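Structures are listed in the sections that come next.
Each of the two complexes below includes chain A, the first together with chain B, the second together with chain C.
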Partner chain A sequence: MKTYGHIITMGIQNTLVYRVNFFCRAFFNLIPLFATMALWRAIYAGKPAEVAGYTLAQMLSYYLLVTIVEASTSVTEDDWQIAADIKDGAIGQFLIRPMDYLHYRLCLFFSGRAVYVLAALVPVGVFVLWQREFLVPPVNATALVVFLISLVFSAVLQFFLSYLIAMLAFWVLEISSFTFILLACERLASGQMFPLDILPHWLAQAMMWTPFPYGTFFPVSIYLGKVTGVALAQGFLLQSFWVVALYAAARLVWQRGLRSYTVVGG
Partner chain B sequence: MTPQPSTTSEPLRLRRYAGLYGSLWRTAVVREMSFQANFILWLFVELLWFALQLGFNAVIYQHTDSIGDWTKWQVVMLIGASHFIQQLFQALLLTNCAQLSDLVHTGRMDFLLLFPVNTRFLVSARFVDLGGFIGAASGLAVMIYAAAQLHLTPTVAQIAGFGLLCLVSVLIHYSLMFLMATISFWTVRAQGLVMAYYNLFSIARIPDVAFRGATRVLFTLVIPMLLVASVPVKVLGAKLASPAEIFLLLAMGGACFLVSSLVWHVALRRYASASS
Partner chain C sequence: MRRKLCAPAARNLHFRFRPIACGISGAREPPRFSLNLFEDSPIRSCRCLRRYACAHNLVGCKPPRGPMSGPPARSFGRWAQPSLRHEPISAILKLSQSMNHGPIIQVQDLTRVFRTYKKKPGLIGAVRGLFHREYEQTAAVQDISFTVEEGEFVGFLGPNGAGKTTTLKMLSGLLHPSSGSASVLGYTPWERPIEYRRQFALLLGQKNQLWWDLPARESLELNGRIYGIPRPDFERRVGELTELLRVTEKLDVMVRELSLGERMKMELIAALLHQPRVLFLDEPTIGLDVVAQKTVREFLRAYNQTHRTTILLTSHYMSDIEALCKRVVIIDKGSIFFDGALEEVMERYASAKLLTFELKTGAAPVGDLSAFGKVLEHNAERIRLKVPRAEVISVCKVLLERLPVDDLAIKDISVEDVIRNIFAGRPGGDTTFQYHKPPMPELVAA
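Showing the complex of A and B:
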């Protein structure tokens, strides 16, 4: 446990190098967000008060919350770094040390998130404050607590997905195209583009069986009070299922990858 | 700082550059063909993201009939045009702009400065990304389909106008991206440049009516995102509020290019090499 504490501290120190990069990234991410919010405002301008059960304030809140969830949970540099570790043989040292590479990366992911949240605090914070009239408060205190818990699950889930894609570096030269495919799936199916329940019911239901909605849509829905009671319990069950399943898959693929892996030099 | 052969005449110079550009193209084809699987995979990625934008539009129009005065198929045309312009820019110039920062930090810029060719030309046109042309074709195909849905029959003049304005838009894309890349002469690293570019130009796909007040002015007269795809589409669909919109796009194209040139020259003068 102490070792992992050290890794997290070390990770924070190393990731601080990226602080300007993270700041810019968080800032430029606000541009499409602002554009999408402007688009919805224009749609509501000529419409009745609700679109698919969302008032304008709820819809805009949805996007603000997606931004907050994204800033605190999504993977930024980890997948590239893992792929690079595999490519240049840096994982070799983990094969002879009593330390698990996946746990090591998970610690670094958390340090990365901590630094990112700090760097993004100013641009995202200012933006949310500017748009604060559209941010509805959580429906109740329980919803806020449950939202925060599901946020941790969502972070781990997204990390395992990216870890799996990075594992492709065992077999292919370049993983960036695969990373962008995963990113596209996440944009759509995790509800970053729009709330999934404005889709036709059957389509939204089908998507809820994939791991993606549990990255963004599920936590945001908890905050907005859109999932409660049995649906909430069921959602948590599926979220936990995906975390465990992806962890198992990550382990399996790692083992498979090592079988065909050769480290040259030291 | 920019070495230029002084004795060659204008037509000869043009021929020399055309020849040079031809050989850059040949190497591009050879390079792409040596990584065929990767090439096809990237085509798929581009198509996927394009489909995602169209999908988003389809979902939105499930819940509304129009955004301001923009109907569903007009927005599809806008998304198609935006993709067409962006992919054209990507094919010809984007990779080069993205690599400028690397050239500066590794000191490889030194070698490019030594060539007896205009440095900006060399820096901007070294690589051609052939996949971009296929992407551009997909944008055009979507536009044609949307035009058919709208029962549009544009005249030859409208089509020519569209084509010319698209070139001006590519110039704006290039000038802004080049400007952002030039800033890497000063900053330590211009990481995430391409991501920033995609985020910024995502505004071009949104109907201009969604923006009001200060942001409308910002994205029209400072960073002309609301003109680059919108004006060419309006010309094609006879949707122009006034011909002034065309002149505005032309003027902004000139202004952006001028600013990027100015900053480029200042940056070159400051360049002190990273090597040795």
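Showing the complex of A and C:
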């Protein structure tokens, strides 16, 4: 445990190097966000009171919340770094030491998130304050707590997904095409572009069986009070299922990868 | 401080573990041991044994608490027999191995074949490669066998691509062999058991294991945590090692700002913090300046002597091997063709030095020099001679007196040359390089 605590502090110190990078990224992400919000305002000006069950304030809050969730849970550099570690043989030092690479990366992911949130705090905070009239408060205190718990799950889930993709570096030289596929899936299916409720009911339902909505859409829906009761429990169950399943898959693929690394390559 | 006093005393322990049930190497069944402690043992208390365990990095070996009663021999015997059985196997194995006199590293017919893709030249070859690939099997290491005793310092020699690094990688579990077997400390390296990983270290001179953007102290700290080194031990070891390697004041400097030599020293410290019983060093002095090389070398020698750490070292520098290793294993093209005392190699194959005389311009041409040694180069500017070690000084004297010499260089024959000579010495090889101690001739002017 002390080991992991120390890795996190080292990771934070190390990632602080990227603070300006993170700040800029957070800042410039606000521009498309602003555009999207303007678009929705225009749509609502045509006087539908609700779109897919969202009022204007809820819709705008949705996007603000997506920004917050994304900043605190999405994977930024980790997949590239993991792939690089595999390709240049840096994973070797984890094979000769009594230490686990997955846990190590998870620690670094958390420290990366911590630094990112810190760097994004000012631009995103200012933006949210500016647009505060559109940020609805959580429906109730329970929703907020459940939202925060779900946030942790969503971070771990997204990490395992990226980790899995990065493991491909054991077999292919360049993983960037795969990471872009993953990115595209995430943007569409996780509800970063639009709330999944906009889609036809059957499609939205089908998507809820994939891991992607549990990265962004699910926690935001909890906050907005769109999922409650049985649906909430079911969602949590599925989210946990995906976390466990992806963890198991990550372990399995790591084992396979190592086998090819030590038996075939070197 | 007290620990420090105890550690050296514990080297000549008089207690032994006697295996009762089964063999030690690779044992999956928990072996049982009885502990015989002799009356004259320096270990007189549980605490002392614990210290010994600590000094030898024996994790999990915990003698019962409370003061000992009765004569020490009896009481140790009493607790050891029934309760050691419940100790983690690893702790017992480690203790027993340190007491056992079998070789610490055993390698038998180890072979590693790499499959490489052979691309035909040009665009057509590239297109063809998309559909049909031809692979070539290359044996990086072929049927090598050797054993190493605890505390030995063995040098691995060989040109690039000889299979030295591949061997070290297999012994540290980074590579799976194609066939053959190896056991280090009783473990099979490529199974990578955690207990094995706690007891060895691998240092690749070409790779950086420290965090680039942080001070070295942070990386050391991390290693301390990974190996679960108790805080006071950690502080003491870092203090000692940095002092010996003269990098104490560099601990808080960013790794990327360290010189190559300083970084390598830090890498070495990081590898030694957990006091590995076996240490694999791959080119630890590569690219270092002479002073740093010497510091590292002296440090390694002292470390090997005081800690009885078994060290396998590969290096391109003959001087490293010369200063450190009594025994050398020479590998080329994947197989061993010499394994023995360094003196023997040096006498047999590096018995000569290279002399280079830079001549003054416009000097009169010199006659035949072959009587002094093997002439490698002879023209108006330069003379290069290969001269038997014993005659270097006398040859220099004579030639310096007789020739218009501008500059003189004396060099050892490089490792590569030594290896080439070993080839030459083999049946069917080139055997011209043999000296019969010729009498010192008079120099004849042309």
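Going forward, the second predicted complex is superposed on the first by the 261 of 266 C-alpha atoms of A that agree within 3 Å, B and C clash if a C-alpha of one lies under 4 Å from a C-alpha of the other, contacts with A are read in each partner's own complex, and residues count from 1 in each chain.
Here is the rule we go by: a residue touches a chain if its C-beta (ideal position, glycine included) is under 8 Å from a C-beta of that chain, and two chains touch if they have at least 3 such contacts.
This is a predicted model, so every value here is computed, not measured.
**Q** Should the superposition on chain A be reported as showing a clash between chain B and chain C, or a fit?
**A** By the criteria stated at the top, chain C and chain B fit after superposition, with no clash.
**Q** Please work out whether A:Ile43 is in contact with chain B alone, chain C alone, both, or neither, and reply first, second, both or neither.
**A** Only chain B; A:Ile43 stays clear of chain C.
**Q** Go through the superposed model and pick first if A:Gly89 touches only chain B, second if only chain C, both, or neither.
**A** second
**Q** Contact-wise, after the overlay, does A:Ala52 reach chain B, chain C, both or neither (first, second, both, neither)?
**A** Once the two structures are laid over each other on A, A:Ala52 reaches chain B alone.
**Q** With both complexes overlaid on chain A, does A:Ser177 touch chain B (first), chain C (second), both or neither?
**A** A:Ser177 contacts chain B only, not chain C.
**Q** For A:Asn29, using the defined touch cut-off, is the partner it touches chain B, chain C, both, or neither? Pick first, second, both or neither.
**A** first
**Q** What's your read, chain B or chain C touching more residues of chain A?
**A** In the superposed model, B touches more residues of chain A.
**Q** For A:Asn21, using the defined touch cut-off, is the partner it touches chain B, chain C, both, or neither? Pick first, second, both or neither.
**A** So A:Asn21 only meets chain B here.
**Q** After the superposition on A, what does A:Arg187 contact: first (chain B), second (chain C), both or neither?
**A** Touch partner of A:Arg187: chain B, not chain C.
**Q** Can you report the least C-alpha distance between chain B and chain C in the superposed arrangement, rounded to whole Å?
**A** Value for chain B versus chain C, nearest C-alpha atoms: 7 Å.
**Q** Residue by residue on chain A, keep only those touching chain B in one complex and chain C in the other, then list them.
**A** none
**Q** Within the complex, which stretch of chain C touches chain A?
**A** The touching residues are 112, 114-115, 166, 169, 172-176, 190, 192, 194, 197-198, 200-202, 204, 207, 209, 211, 213-214, 218, 221-223, 225-227.
**Q** For the complex, give me every residue of chain A touching chain C.
**A** 2-3, 6-7, 10, 13-14, 17, 89-90, 92-93, 95-99, 259, 262-264, 266
**Q** Which of the residues in chain B come into contact with chain A in the complex?
**A** 38, 41-42, 44-45, 48-49, 52, 55-56, 59-60, 62-64, 66-68, 187-189, 191-192, 195-196, 199-200, 202-203, 206-207, 209-212, 215
**Q** Please name which positions on chain A make contact with chain B in the complex.
**A** 20-21, 24-25, 28-29, 31-32, 34-36, 38-39, 41-43, 45-47, 51-52, 173-174, 177-178, 180-181, 184, 187-188, 193-194, 198-200
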